[in-house]
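Two complexes follow with subunit A in common, the first pairing it with subunit B and the second with subunit C.
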Partner chain A sequence: MEFPTALVLNAIIAGLLLGGFYAALSVGISISFGMLDVVNIAHPAFIILGSYIAYIVNGWMGVDPIVVSLVVSPLFFALGILLYRIYYVCFERRGQESLRGLAFFFGILFITEVALVLIFGVDYRMVRTAYSETTWRLGPVDFPMRLVVPFLVSVTMVVGVQLFLTHTFFGRAVLAVAQDPLALRLMGVNPTRVKGLAFALSIATAGVAGAFLIVIQPVQPAIGREYIGLVFAICVLGGMGSIWGTLLGAFVLGIAESFTSTFFGPSWAPAVSFGLLLAALGFKPSGLLGR
Partner chain B sequence: MKNRTFAALAFATAVAVIAASRLIPNDYFFSAAYTVLQFIILATAWNILGGYTGYVNFGSAAFFATGAYSSVFLYKALHAPLVVMIVTGTLAAGLLGLAVGYLTLRMRGVFFAIATLALAVVLYTFVVNWDYVGGARGAYIIQPRVIPFGLPRYIHLLYSAMVLMTALALVIARAIETSTIGRGLAAIRDDELAAECAGVPTLRLKLFSATVSGALMGMAGTTFPYYLAYIEPSAAFSLSYAVNSIAMPLIGGMMSWVGPVIGAVLLGSVQQIVQVTISSAWNLLIVGVLLVAFVTLAPNGIMGWVDAWRRKRR
Partner chain C sequence: MANSLHIEGLRAGYGAVQVLEGISLHVNDGETVALLGTNGNGKSTLMKCIMGIVPLRTGSITAVIDGIEHNLAGQATEDIVNLGIALIPEGRRLFPRLTVEENLLLGAYRPIARDAIARNLAFCHEVFPRLAERRTQLAGSMSGGEQQMLTLARALMTAPKILLIDEPSVGLSPLLVSHIINQIRDLKERYGLTVLMAEQNFHQAIRIADRGYVIVHGRIEYEGSSRDELSNNALIRKLYMGL
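And now, the complex of A and B:
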């Protein structure tokens, strides 16, 4: 097999751009699964929900999907608070999160998907933005704007989440709850409240990431499932609960996928994340930047 | 009741059911009953790992499709008889269960659950790219012209095979439940660390239960290509298998082999009715809502209610 330089360069750039977007998809999982130990497999369902909300408002008022998602993110935050409340009362408090909690999130994932199918059908929906058609060229390398804009906003969001977690009181409380909830309780902080707000933050990031998704590619309700493997692979690969690790893992996965689709065909790309997940679990379960 | 008595009784019932069904003139009955029986097997198989051992498998569709596609392969390659297909598909899915279990069951249960979720996506990708078994276009599987045992139509044979396989699955599930293995699995479910300390060979038992569970799911899928006469990846890997095989034991009750049967019969029949009267998208929504409702409000399922009622009467 030949590896022409231009093709390799393009694959690397496309992989990095894609990776930035993947980081936005998985930063929420890194918070909920990595730090709070809430295995929210319904995370992709909220991403798709975010895509559809961006789609509706864009079609209705013509506002850019990413702007829409930032405006409606408080709604996702509220949804996250509600969801964690149910999860806490029904499962975590009873110590049943491992089996029934998982089944609960699976049910939520499934209901969201079927409800979207019933409302919007299984057609692919897409959004046109001012920058959809523009592509910058730098020598042989292409920079399609529909990837660059989500990349920039994604990386900003992920770095913002990291700075928020390390530089604010509340953020440090989240990190503390990840390390030792009992100690937090002894300090007079209610870990459940902290977890609820942090979980809500993770759902809010999912909603925003949904807007990136619909800018990058057409969306239909069932594609959420394809991202379950991906977001958990990135979270585990990067190291549980490490935001920088998530960013790094996302870039690794983005480049791996981009190389696979360039050299073996795009139909093989979904297998990459699973391969990396299994490799990470088998050889280095603590991840790249894990504690 | 001893396991041997139960097995004799189960298979006798199966034969009696098959014989009695000959009197039913309606072909739709066989098709509907086939689907419900298929769900009983899937739910029972899921419960061996999920209910007895406490490990959640989201990849029922992957195991089911492994059985189905091993049949497609045997059909294309050898035109093998149905029995060979059933045995091969069961073994293949069992091996898959063993392999996935070996890779992920040594870690926290969550990783197994995530791995099975991703497994379905990867196997789907693999089958879509595998042209020999039809790829994304799907493959036609022609039902044989000659039907053994003097049955009038091929669906009768598939139905009979399904009844026997259901009996087998129930016998295996009950045997595991009542044996030392079952007690070991229950110990793992309740407290894995304590079980390990008490000398329960946890990894070996988990692998055993993942293998048996996967094999039974595969078995349910082996006759599926003949049932549809045309198979495509999205039908074999449908998420509805995954969600149904979780919802049915949770709704019926996970502590004994009866629960999944109750859940499957109930939910399977409701879905058949809704599918005919409303639409198939709605029946999936109903399954999802019931799953969430039961898991939050009645975590022990219908059998949990029965147990509570019995205890109160005592």
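And now, the complex of A and C:
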């Protein structure tokens, strides 16, 4: 089999761009699952909700979907606070978070999905932006703007989250909260408040990732399910609770997927991605950058 | 300004089990008071009660911080810490997957501690040079003695006025215990702390204690108002020296 240079370069660049987008999908899971021990399998539902909100506002006012998502991110943040409050009062406080909490988030996933189906139907929706049709060319390599713009905003967001978590008092408390909540209280920190705000941050990132999704590809309500495996795989591959790991894991899976699709056909892409995950965990069980 | 701790008629326990059966004690400003007792007599439970981790059933716990009296009963642990009371818990309870420096900086979470962060961090590094060398190492990968140093340093980063120490000697070699006890004395003197220290190791505890209490089955069985009194007490000689 031959690997022409132009195709290889294009596959790598497309993989990097895709990886940047995957990082936005996964950074929230890296916070909730990796740092807070909250197994929020409803995360993709909030991504799809973000897609539809961007779609509605774009159709109504013509505002760019990514701008919409950034403007409405405080609403997602508030939704996250409310959701964690319910989860905490009903499950976590009683020590029933492992199974019933999981069922709770599963329910949220389905309720959100069904609500979107009832309102919008099952048709695919897409948003056309000013840059949707634009592609920059650098020699033989293509840079489609519908991937480049989400990539840039996503990497900025993920790096911002990382800096926030490692350079602020609150961020360090988020890193510590699942390791020993009582020890955190002995530092004068309320662990429930820290978890609530960090969970809200994770939901806010989902809303923004939703806008990227609808810029990149058409969206229908059940499409979130396709991403559940991917986001958890990236989180585990990168290393639980490591944002740099999540970014690296997203790039690795993005490039692997793009390479496989280009040379062996798209149907092999998930198999290669998850094979890579298993191989990486075999050599380093804590993930690429896990502590 | 004066900092002290006063406990009256404290009863507490877990579920149907009553552990503390009416404890009364006090720690005056600037004192180091030892709480002596063998395992299972309620020392740790008393520490947890003061910090609001185990609720009290009857009795009262009050602390005077900078001359202002606070009722600690029913307060959340984090609020008690924010008053200026720190606990070094049994078993150290570090954040194992955070670095030494991240552990120390978490200690300085309360607003007053943030203001003093540079001074306190420099001080911790001066007293425990090992922690400065291992700034970027994960806390969970350090030796027991180093972890105990980090626990002490992290508690100091909260800029406390009253320091509670629960069994600093657990799991350490005799030489290290002696070293840690010396450091507690030095820190206490430099910071002007008021200290209540629970310890099974009588000989080490008595080196730095101004006075002490012996707790047996959840009751204060003996109160010694000086080191000599404690050393010559019949109950202590029976419990600790086998005489």
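The definition used in the following text is that the second predicted complex is superposed on the first by the 272 of 291 C-alpha atoms of A that agree within 3 Å, B and C clash if a C-alpha of one lies under 4 Å from a C-alpha of the other, contacts with A are read in each partner's own complex, and residues count from 1 in each chain.
One rule holds in what follows: a contact is a pair of C-beta atoms (placed from the backbone, for glycine too) under 8 Å apart; a residue touches a chain by one contact, two chains touch by 3 or more.
Since the model is a prediction, treat every value here as computed from it, not as a measurement.
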Message = Contact-wise, after the overlay, does A:R128 reach subunit B, subunit C, both or neither (first, second, both, neither)?
response = neither
**First, second, both or neither for A:R93, with subunit B first and subunit C second** = neither
Task: subunit B versus subunit C as contact partner of A:A233, first or second or both or neither - done: first
Original post:
Of the two partner chains, subunit B (first) and subunit C (second), which one does A:L118 touch, if any: first, second, both, or neither?
Top reply: first
Exercise. Touching A:P270 in the superposition: subunit B (first), subunit C (second), both, neither?
Worked result: first
Exercise for review: Would you sort A:F169 into first (subunit B), second (subunit C), both or neither based on which partner it touches?
Suggested key: second
- Task: Look at A:A103 in the shared chain and tell me whether it touches subunit B only, subunit C only, both, or neither; answer first, second, both or neither.
- Result: first
| query | Touching A:K284, do we find subunit B (first), subunit C (second), both, or neither? | reply | neither
So, in the complex, the side of subunit C touching subunit A is made of residues 51, 53, 76-78, 81-82, 86-87, 89, 93-98, 102, 105-110, 113-114, 138, 154, 158
Subunit A partner, complex, touching residues on subunit B are 50, 54, 56, 58, 103-104, 107, 109-111, 113-115, 117-119, 121-122, 124-126, 128-129, 239, 242-243, 246-247, 250, 281-282, 284-285, 287-289, 291-292, 295-296, 299
In the complex, the residues of subunit A that touch subunit C are 169, 172-173, 175-176, 179-180, 182-190, 241, 291
So, in the complex, the side of subunit A touching subunit B is made of residues 33, 39, 41, 86, 90, 94, 96, 98-100, 102-104, 106-108, 110-111, 113-115, 117-118, 222, 225-226, 228-229, 232-233, 236, 267-268, 270-271, 273-275, 277-278, 281-282, 285
